Amino acid sequence: MRFNKRLLVVWVILASLTLAYLWIDHTGADSSGALRSSALITPGVIVIALVKVRIIFREFMEVRQAPVLLCRLTDAWVVLIGVVLLSCYFIGVAIR
Amino acid sequence: MTSDLAETTKRVRSVPGQPDMWAFVLFETLVFTAYFGFYLFYRARSPELFLHAQAQLDLRIGVLNTLVLVLSSWSVARCVQSARAGAYGPALRDASLTALFAVVFLCVKVSEWVRLSSEGNGFDSNDFFTYYYFLTGIHFVHLLIGFVVLGVVVYQLRSPARRDQQLVETCATYWHTVDFLWVLIFALLYVVR
Amino acid sequence: MSAVITPAASVAAPPSRPLYRRIAWHWRHDPKRELWLAWWMLVVFYSLFWLMFFVITRVQPPPQPAADLAAQVHYFRVRHLGIPVGFAVIFCIGGMIATNNALIAYSMRRMSVSPAFAYSYLIMYSLSAIPGLLLLCIALIVGTLRPERDPEAISWLYDFAFLSFDGTMGVFLIGSLIWMLAILLDKNRVFPKWFGYLNLCNGLTEVVVAPCWIFRRGVLAWNGQIAWWLDMVVFGVYTGAFIYLLRSMILREDFGTGPLPELKPGRPDPKAAA
Amino acid sequence: MSQRRTDGELILLWTLPVTVVIWIASFLLFPGFNPPMSPTMSAEQVAAFYRDPAHLPEIRYSMIVFNWFGVSLIPILALIVLQVRRMAHRTPIFSYALLGCAAGSPALFLVANVCWLLAAFRPERSPELTQLFNDFGWITFTILVPFLIGQSVILSVAIYLDDQPRPVFSRWVAYFNLLVAAALAPAAFVGVSLSGPLAWDGVLSFWLKNIAIAVWIVVMGVAVGQAIYRERAEDREAGDQLVSA
């Protein structure tokens, strides 16, 4: 059952990346526990989410074993999502 | 299950499921990217309002839901591999597990909606909650469609006369899309500052 | 079905030029002339539709739902000629909607699914023209009719027009799903499966547009970036795709009942198996 | 060609004269049609029109009758669709398109009908609102032409492409339908002005349009009747031959 083991490892990685958000959230709050806006956390959170998306693409959706074109395409999409999200955020910050 | 790693590397590299479903995945992802872009843009323009409203959300519920949905994705992935290896019994079991996790997700989601709206945070309360209900709601619709898709998987697996592996993989691809869209929605709604 | 009359077997190839002679040849001899006629009406309809709404009447992109009464009255005043003339053209050509729907219904009749799909689509989209298009036009024409009318009444017409247009969702949602289901079940390969899934994307935009009944400002209002602009992009992609795919369906049509033959490269029009 | 079932078609066909009589009677009863109300009436004049105790029952009863019988042309359109199906076409596209047109005009007419009835329901309402209902009703009534134009044009093309030795309809029916479509088109421009030939009481928008509809109903009633009787005669002949053989 080597396959299942690999999928299990994938799930554990995804779960720990999810749990990492709890830690980020903890460090993101100030001493009184109120939320603060942060130009550091937002890109970090987005990048972690995209890493998870790419893992889901590669492992769960079996893009790993798919033709190279699909690998490139999904990678391009991950980059595209990242660029769009970050630029929307920073443009919003800039023209605020 | 007899397939092993050596065998998979030798297998011809083929697109999982119908390539047509991948067109849907990529197109729908673009649409969601646009939703997210608008959200982040307006969020960056009035951070105080969004932060204040976001504090009403319980991050632990979001984390729980993400774990549950990733579990369901894992089940579907196992279901596909079992079906490929001809183990239709375990494949059916995994498909039912997927549906079970999805039901848990839906229940948690609905209870969160009920809690928030009873606290006075409705769809039109403020900009953050508009995006919150809109994004979780449209994702909810995708998940409901996902139940139909899982039904197709079960229907395919149950009779020896059907068992179309390509169709099973197509459906699984849809399910994983629902999963990774949630991963993005979760990060953007619950954790982004 | 209608009686099929085999065209004269000795039909020569169409003259390549001039253009009017080529058109005349197709009009007389092309076995697919009914389909081509419907397809060209589809193209003409969508071109005129775009021209009338965006250029002549300038009622799309839609105005602000949050505009005050004075701005709403002004909106009608500056369009007092564009709206009646532009929509008059829409009303003259509005019947073409029926041929569009007939062509799409025919595409479903060519599939290996029950005729119920074609009939459902035909009925739904014929119905949809009234709340989804014609009521908007009528309300806007009535709004421009008397600029001196009570601003409250003009405001009611303004809301009625744009909400009936954007907020008519069910027929398009279920209609898209019907077409999707027919394509996904079809074994005759009339449409590629990805277009079936694109129908789902289009149907989902009808879900997204629903909040226009709730919001007067923001991205989900009737002129919002998500509820209007993004949905319009999806609709544009969808419309472009089905116009192209209907064309290739007609090219591949063999008037049989089995799978549609694929187009052979270099031979754009496979001889109809008449 | 398999023989289709034709029982009852004659009954549907002969409902047409009844429909025509009822429509003409209601048309004459509605005080807004004779003469057509002027679009230049002020709000007070429109309100006075609906408040007039002599007008009120006429408006209500004529529009209630129209509400009952407004859709009764649809069976005739269905008969026309069935004749189009007999034509020598390769696809059912024309009959689908005609079916798609059939319900459009009655539905728009019902919108106008409801507006007029609403205006008459509470005539004491503010004159501004009564005028709004009246405008909405009149514009909708005048501009309901798109599906009528559509079905005339589709029918004429269908007849034109009916390549067989004995076509279902003769060629002149096609030209007649094109003519009717042209006569209906000006009514679409009703919003352009409140006076003159294009206004809703004008020569083009009211008289030409309504006369064209009336002539179309009579002529197409006769044409489809001839086609149905001819089809039945042919079916009988075919049946006799089958029996004697």
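Some notes on this structure:
By letter and in written order, the chains are A, B, C and D; residue numbering begins at 1 in each of them.
By our rule, a contact is a pair of C-beta atoms (placed from the backbone, for glycine too) under 8 Å apart; a residue touches a chain by one contact, two chains touch by 3 or more.
Every value quoted in this text rests on a predicted model; they were computed, and no experiment measured them.
Compare each chain's C-alpha centroid with the centroid of every protein C-alpha atom shown, and the nearest one belongs to C. Note on interfaces C-D and B-C: more C-beta pairs are in contact across C-D. Compared with chain D, the chain whose C-alpha mean position is the greatest distance off is A. In whole angstrom, the spacing between the mean C-alpha positions of chain A and chain C is 39. Chain A and chain D have Cα centroids lying 62 Å from one another. In terms of their C-alpha centroids, the spacing between chain C and chain D amounts to 25 Å. Computed from the mean C-alpha positions, the centre of chain B lies at a distance of 32 Å from the centre of chain C. Touching two or more other chains at once is no residue of chain D. Shared interface positions of chain B, defined as residues touching 2 or more other chains, are 34, 38, 42. Against chain B, in their complex, chain C makes its touches with residues 192-194, 196-198, 200-201, 204, 207-208, 211, 214-215, 218-220, 225-226, 230, 234, 237. By the touch criterion given at the top, residues 1-5, 31-35, 37-38, 81, 83-85, 87-99, 101-103, 105-106, 109, 118, 122, 125-127, 129-130, 134-135, 137-139, 141-142, 144-146, 149-150, 153, 156-157, 255 of chain C touch chain D in their complex.
Contact residues on chain D toward chain C in their complex (touch as defined above): 1, 39, 85-101, 103-104, 107-108, 111, 128-129, 131-132, 135-136, 139-140, 143, 145-151, 153-154, 157, 161, 163-164, 185, 188-192, 194. Taken in their complex, chain B has these residues touching chain C: 18-21, 23-24, 27-28, 31, 34-35, 38, 42, 123-124, 127, 130, 134, 138, 141-142, 145. Here chain A touches chain B in the complex through residues 1-4, 7-8, 10-11, 14-15, 18-19, 21-22, 24-25, 28, 34-38, 41-42, 45-46, 48-49, 52-53, 56-57, 59-63, 65-68, 70, 73, 77, 80-81, 84-85, 88-93, 95-96, going by the rule given at the top.
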